[in-house]
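Take a look at these structures.
One chain, chain A, appears in both complexes that follow, with chain B as partner in the first and chain C in the second.
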Partner chain A sequence: MIKWWKILSALLILYTLVLGMLGPVPHLDILNETIRNLFYHVPIWFAMLFQMGYSVVYAIKQLSKNDLQSDIISNQAAQTGLFFALPGLLTGCMWAKFTWGTWWTFQDPKLNGVAIAVLIYLAYFILRSSIDDEQKRARIAAVYNIFAFVMMFVFIMILPRLTDSLHPGNGGNPAFGKYDLDSNMRLVFYPAVIGWVLLSLWILDVKKRLAILTHKENEQ
Partner chain B sequence: MNSQLLSQLIKKEFLLEFRQKSTLAGILVYIVATVFISALSFKKIIHPTVWNALFWTIFMFISVNVSSKSFMQEIKGKGLYNYLYYHPRQFILSKIMYNMILMAVLSLLTFFFYSWFVGSMVQDMGMFLLALIFSSSAFSGILSLMSAIASKANNNISLMAILSFPVLMPLLLVSVKLSKHAIDGLAWSVSYKYLLILIMLNFVVVALATLLFNYLWKE
Partner chain C sequence: MNNRIIIFLASLLMPFLGKAQEVAGPEMADTFRSEGKIYVVITVISIIFMCLIGYLVYIDIKLSKLENKNRNTN
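Coming up: the complex of A and B.
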């Protein structure tokens, strides 16, 4: 049986894919039509951050209750988050090529933050694979997950506000935030965020069920 | 009583370290050799950014090497003994404090050798030393926990590097920025916010490490 929010997610993403391309957008210097990337790039990052937050919540749950189910969910959410990093990076790189003239730059704290986030989660998976005992793995992975998430949070949320970022809205670059009073973009942006987050939940739902089933089968 | 046990544990760490002088000497040789190699291969560093980057890279590798062994020495039977006598908070705090002292001394030594062999470019020495002390203490907080994690996961040393490098990165970037300001001799009003972030990171790291170590501790 398919749940209502799964249909909603598909509809919302379809809606934003179409309207994101065709709808009216403000014309800004430098950004021009690439401002439409806001409908794809930013919601995908939101979905990734949502999944990583989800993973941390279940890591905390794992530590407080000590059940393996939370560990499985935490792991699957981290995998889903990392999966969303890929389209996020691709859309970001494409956009950067057209506005900044380069695919990647080390000058921008947000880009570095993303690279670090990917590294952190890769390290998380390596840590998981190096421990055989299930209970032990669940506990240690949860500890690393929580610690790494806090450091990543510092990196992504706090540091870019201190230094100049090339990103729109930072360091005098034109941004969507100041011009959205016409609310045309909001009509697409907010549904896009909800749609992508729901899609990530959908993916997580499938992965989670599969992982729990295989875990049960292995136990027997 | 609480603090008495803590100071006992720290004392024990120092005793163990000084009883086994070879490891301490090993670290010193490591520092001198690394700095010497970089001095030889760079000949003369003119650009402050390069100077700064090289210094922090060397320091990061040294600190990962030094602190990776802080939990690896804890053998299985002794863990049970510690478990009976100490609270996990005391235990991790003792490790962190010991590492903080050790790392502060080592960072100063590294800086000394580095500015001797490669040449010093620092204009604002006070700020640079503050950056060095606070970042080495935050380093030791992070690395103590990472070493505890790595020691639970089959004790392998490459895992320690894999786990700690990405987590160290935010901290390292703040330190690099702050020390760059110190090298350029910028006014304190420009760089105080980085110092504040560094101090705040110290608190965050120590608090998280003490909280999370509870769960690593149980076997």
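Coming up: the complex of A and C.
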């Protein structure tokens, strides 16, 4: 009854919870043991980006085929993605406090970009819920979804790379992959990314089915 | 009671004891792992995670049943 990839996601994450704590990591100044956060903080954001990508694919599908099911899936995926942004932000704050010395800094383009991206998606839900007509709602939400995805990509992936940033992988700072992600960490990091993306898909699957069922109930 | 005060005062010296053991290179929790008990933490994390997954499985199955019911009535 439970699909194989759902079991796989649970096993992969369980594996990374154990190996992430026990496995060897490079000895680095300032980071110390917090480098292990890489196994938990980063995959959460990967899952969030994946969900937003999933959402925009279904938004385009909605516009080309004009079916309401795609609109429901698109909306649910955006919700799941935004949900994953919450632990991503909180773990990021925690990590920043103990390595950069502050919970949040408004000088950092990566952090600001993420905050703006979250606000853009919050506006998506407000926009979507403010339209009563189903067809109209689906179309306008899909168009805004494409805009939101592009803006999120610009704010999270492009702009932080153009200026100075504390965050690794941006503005001249090397990402962990360049120097620190040794082969031992890769053995935990990649399964963690796959595991969390699959788990986000599992949550989306449950949410989507529930939404479609609710939609059917309302139609009757 | 006196013992407790002595232990409390002794515990205040703990950070200085730690300083004495400083080694070259960034400070890592190497002995923390070898001395065990980290396994307790890992077990706790794993139990919490498995409980969450179990809950998700439960919701998933419940939803499947609801879907089947809905399919049959229509």
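A few notes on this one:
Keep this in mind: the second predicted complex is superposed on the first by the 209 of 220 C-alpha atoms of A that agree within 3 Å, B and C clash if a C-alpha of one lies under 4 Å from a C-alpha of the other, contacts with A are read in each partner's own complex, and residues count from 1 in each chain.
Keep this in mind: contacts are C-beta pairs under 8 Å (C-beta built on N, C-alpha and C of every residue); 3 or more make two chains touch, one makes a residue touch a chain.
Bear in mind that the values here come from a model prediction, so they are computed numbers and not experimental data.
Using the contact criterion defined above for the overlaid structures, shared-chain residue A:Leu210 touches chain C, although it does not reach chain B. When the two structures are aligned on the shared chain, A:Ile120 is found in touch with chain B, with no touch to chain C. By the document's definition of touching, neither partner reaches A:Phe83: not chain B, not chain C. When both complexes are overlaid on chain A, the residue A:Trp100 reaches neither chain B nor chain C. Once the two complexes are overlaid on the shared chain, A:Ile140 sits against chain B while remaining clear of chain C. Contact residues on chain C toward chain A in their complex (touch as defined above): 25-29, 33, 38, 41-42, 45-46, 49-50, 53, 56-57, 59-61, 63-64, 66-67, 70, 74. For chain B in complex with chain A, the touching residues are 142, 145, 149, 152-154, 156, 159, 162-163, 165-167, 169-171, 173-174, 177, 193-194, 197, 201, 204, 208-209, 212, 215-216, 218-219. Residues 1-2, 6, 10, 13-14, 17-18, 21-22, 25, 27-33, 202-203, 205-206, 209-210, 213, 216-217 of chain A touch chain C in their complex. Chain contact summary for the complex, chain A toward chain B: residues 63, 109, 112, 116, 119-120, 123, 126-127, 130-131, 136, 139-140, 142-144, 146-148, 150-152, 154-155, 158-159, 162-163.
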